[in-house]
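The following pair of complexes shares a single chain, subunit A, combined with subunit B in the former and subunit C in the latter.
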Partner chain A sequence: MVHKKVVVKICVGTACFVQGGADLLLYEDFLDPDLLSMCEIEGSSCIGRCKLDDFEGKAPFVEIDGTVFGQMTPKRLIQLIREAVNAGNK
Partner chain B sequence: MNDIFIDVDYHQMYKSGQKIGGDVFLQSKHARSNQIVCTLSDGLGSGVKANVLANLTAHMAHKLSFSPMHITKSAKIIMNTLPVCSERKISYSTFTIADIRCDNPHEITAQLIEYDNPPVLHFCGSVQRTIGVKRINLDREGAYKEEVVRQSSLALDMGDRLIMFTDGVTQSGMGKTFPLGWRHTGVAKYISDLIEHNPDISSRELSAAIIRKAVTFDAFSAKDDITCAVVYVRRPRRTLVVTGPPFTRDNDELLMQKVRDFDGKKIISGGTTAQIISRLTGKKVSVDLSSWSVGVPPVSKMDGIDLVTEGMLTLAKVATALEQKIPVNTMGNDAVRRFVSLMLDSDQVSFIVGTKINEAHQDPNIPVEIGIRRTIVGRIRNALEQQFLKETVLEYL
Partner chain C sequence: MLEINNQYTVIKRKIDTEVLKAFFTGRLEESVDRLPIKIIPRDRDPNRCCVYKERAMVRYRIMALLGVDIEQEDDDYRSLASYVKQSWESPMPVFPTLTTIAPGCSSCPDEQYRITDSCRGCFARPCIANCPKEAIRFVNGRAFIDDQRCIKCGKCLDVCPFHAVIQVPVPCEQACPVDAIHKNDQGFVEIDREKCINCGHCSRSCPFGAIVERSSLLQVADMLKGEQEVVAMIAPAIEGQFPGSLNQIISGLKAVGFSEVVEVAEGAQITASHEAHEIGERVESGLPFMTTSCCPAYMQLVDKHVTTLSDYRSQARSPMVYTAELCSDRYPQAKLVFIGPCLAKKVEAASIPEISSVITFTELASLFVARDIDIREMPEDPMVSPEQIFSDCREFAVTQGVANSVLRRCDVPIQTMHINGIDRKTIRIMKTWTRKSPDAQLVEVMCCEGGCLAGPGVLVNPKIAHRLRQGVDVATVGTRPIVGRGKHVQAAGD
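Let's turn to the complex of A and B:
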């Protein structure tokens, strides 16, 4: 059975990059290879959320299957990708 | 901006085993008077002593050539000032000064003053031209030998080159590959062949090629300090750097037109700026996650643009790299390396700086200092003009 891959966009805008986004770019080091094979990870220029005061959380931002999450850390990214992959499997 | 560019660069290798050299090359440019002065000096011996002699000579010759004083007087002052070598009991170093003036694009003149260096070569394309030389006897008091300064003046055209070198080049391979070294005629023949095969060879590449050849004749262990400098008159290579969104949205279209119509290499520095251009041209920006390093966000790709980078962090690193003259080959494979390479490979750099403030950069919680765009672009311009003799223009939008 072929699963649709989870699309992950890591913001590499200046504000995100300096506030932890750079750590997220090391995803090949901290993501489980199985999980890595289930998603398509790409960079994105500023997605503009850092300029909105009312948005949940702060930089760095990551978009997973169209939903934007703030205050991303490698640990949280693993968890969110796993959730998205599991949701896709059901 | 001028339609003519005078490309000056040099290459140098110290005597094998020496960490400091006795050959010194200086160049400087007077922006207002369109004057370029290049000075090459070779001090007696090698190592620290030679370096002191050559540095003194080169700096004095350099400064004096900007003064209205007659050259014979300057040369006497230089020789009277040099310290005396404890072993050889003489004070001695050679020099070549090229004073190039470009009053209008059709009239470039060069004044050459040479003292005991191998004669300067003048090439028009791959053809060597003879230089009419006037010999001036210095008649200095306390001279231990006849001191003759060679003075010449010539006109330079598009595609002309002046090549100056120290005796390390002409004497390379002496007693090994050749009984009397590579010699002046050998060097001239080699240069002519090189230019014939690669008519647009830059000063940097040509001087490096000559040095490499000379070191090869010395069996890869230089017997003397080897230095070669090239002055090349050619059409300028241009690069456009666009950074920051325009202050008002109405100017987005204008920015796009300026980028589209520019004749030369194009760099966009700034994610939002790239998005504006992308929106208006319909060309997609894609981030290349393979090329980044600590402190430098990844490079992006866009059709028709040579380099797309993040803005402030990359620019700040580029400014530092240019100011400190960090060699390109020691940098990581990131945006800064590509940015600096493009800058160094061009002669005229135009900056279009958008003045809109990015609110996200004003957050006091951001752990690194994000500078002000105008200041950083100012630093880059300064470094390019002062240290690399590039021409720059700046435009705010």
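Let's turn to the complex of A and C:
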């Protein structure tokens, strides 16, 4: 059975990039190879959330299979990707 | 040393951004006293004891941002607005660059070695066998360190097969290469200005954010708002700090209001040529070695602690000095702002009348965010050619980069070596150089391990910055390994 890959977009707009988003780009270092093989990860232009008042101060943002998450850290990204991969396996 | 991006640095950038936003709307004075509450809302899950202490620390950070020397001017009764007013009326003196926040200091206990309960009380007892001061005894079947005797050499820690020995450091004291930071009678952090070389390692390692640099950011923002011509002199380390090419960063700088942007690599070329010429002469006249002179923290180190090396330093001025000269020729009316990764540069710049202010990359980042500038969306400036005669000198920002730039301009074959980061041990070695010369004629010295790319004012992990500097697109940078040397170096060799 072929699993559908989890699509991860890391915002590399300046606001996200300078608030710790740059560290997320080291995903090859901190993601388990197993998880890595289940994902398609890339940097994406500004996803626009930083411009919305409700999300002010929540950079950096990451979009996982269409859902946007704020205040992302490497630790949280690992957890969310694991959840997304597990959900896809069911 | 802490990671570049941690919860403290991220909030620090947020504070800078909020202050700048308020400034650009023209309402800083009236809103500044409410900013700590806006930044630390009541429902925040605090990292300090409570949100109120966090707000107090935000207040201090804003004071440092206004250029206040917190050690001298810590008046709880004064409003931030009055500090804002004061900073407009009379610009604060630049010295001292680093200031401490006593209420933020955790008064960490003195450095100690301790035996944890992982000690198995083994038969071989390598800790006792290796302790040079007989500071370890056995009490109730377990090793015990006598603080009075322990000289903190760490031998027991190295040899324990159960990793039962731990070293508990005082992070700021451990990071300071020149013993300039210690606790005062009340147990709070204090910097010895006579010894301090302004490398900024302490401010980067304090996990409580109790050591801050006094900023010139608002003065710069004020210049940008006015009619005055302002030239940005960008340090070579800037490439890779933002999600775009060097060209896009330059466009971004113009978008925030700098009238011109000049690369300090241009001045670095003069430094490198000077040093290449000088090392040739020195080798001919039989002098054993010469060190580089571009790292301002190293220059202060020699002046204050290793005076024997004074004559061994290159006579070349720093890239910043040459660039400032170029700029004042080209733009005689303009104010010059140096933008770099370095705190020691603030001290160096204070002695150069042409330069008005120095800000760091992290402060520039806040300027971009406050002004809604997305570097990734910036156009490539067609006026700026990526390949210049000085392109290879952009590598001044990286360990070995200075020495290599000098080598490429040198006619005689010379040996080089690199001091990649200054710590206590390197300083001890440096002190012996006049008796026993290093095994090279040209010694490149950089105070920060990893070069300027790992300086106290950077905001991107050097691993990512290196890849971006090689021209990798930021969207795919995560998948690209670091290959060879920087593109500028290869281009220059062609």
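As a working rule, the second predicted complex is superposed on the first by the 87 of 90 C-alpha atoms of A that agree within 3 Å, B and C clash if a C-alpha of one lies under 4 Å from a C-alpha of the other, contacts with A are read in each partner's own complex, and residues count from 1 in each chain.
The rule we apply is simple: a residue touches a chain if its C-beta (ideal position, glycine included) is under 8 Å from a C-beta of that chain, and two chains touch if they have at least 3 such contacts.
Small disclaimer: the values here were computed from a predicted structure and weren't measured.
Overlay on subunit A: subunit B and subunit C clash in the combined arrangement. After overlaying the two complexes on the shared chain, residue contacts for A:T14 are found with subunit B and with subunit C alike. In the superposition on chain A, A:D65 makes contact with neither subunit B nor subunit C. When the two complexes are overlaid on their common chain A, residue A:D23 makes contact with subunit C while staying clear of subunit B. Residue contacts after overlaying the shared chain place A:S44 against subunit B and subunit C alike.
Touch criterion met: A:G57 reaches subunit C, while subunit B stays clear of it.
Clashing C-alpha atoms between subunit B and subunit C appear in just one of the listed stretches 22-30, 202-210 or 238-246, and that stretch is 238-246. For the contact definition in use here, the residues of subunit A common to its subunit B contact set and its subunit C contact set are 10, 12-15, 17-19, 22, 25, 41-46. Across the complex, subunit B meets subunit A through its residues 271-272, 274-275, 285-289, 292, 294-295, 297-298, 300, 310-313, 358-361, 363, 365-368, 370. In the complex of the two chains, the subunit A residues touching subunit C come out as 10, 12-15, 17-20, 22-23, 25-29, 41-46, 57. Residues 3-5, 10, 13-14, 242-243, 252, 362, 365-366, 368-369, 373-377, 459-461, 463-464, 473-479 of subunit C are the ones that touch subunit A when the two sit in their complex.
In the complex of the two chains, the subunit A residues touching subunit B come out as 10, 12-15, 17-19, 21-22, 25, 41-46, 50-51, 58-59.
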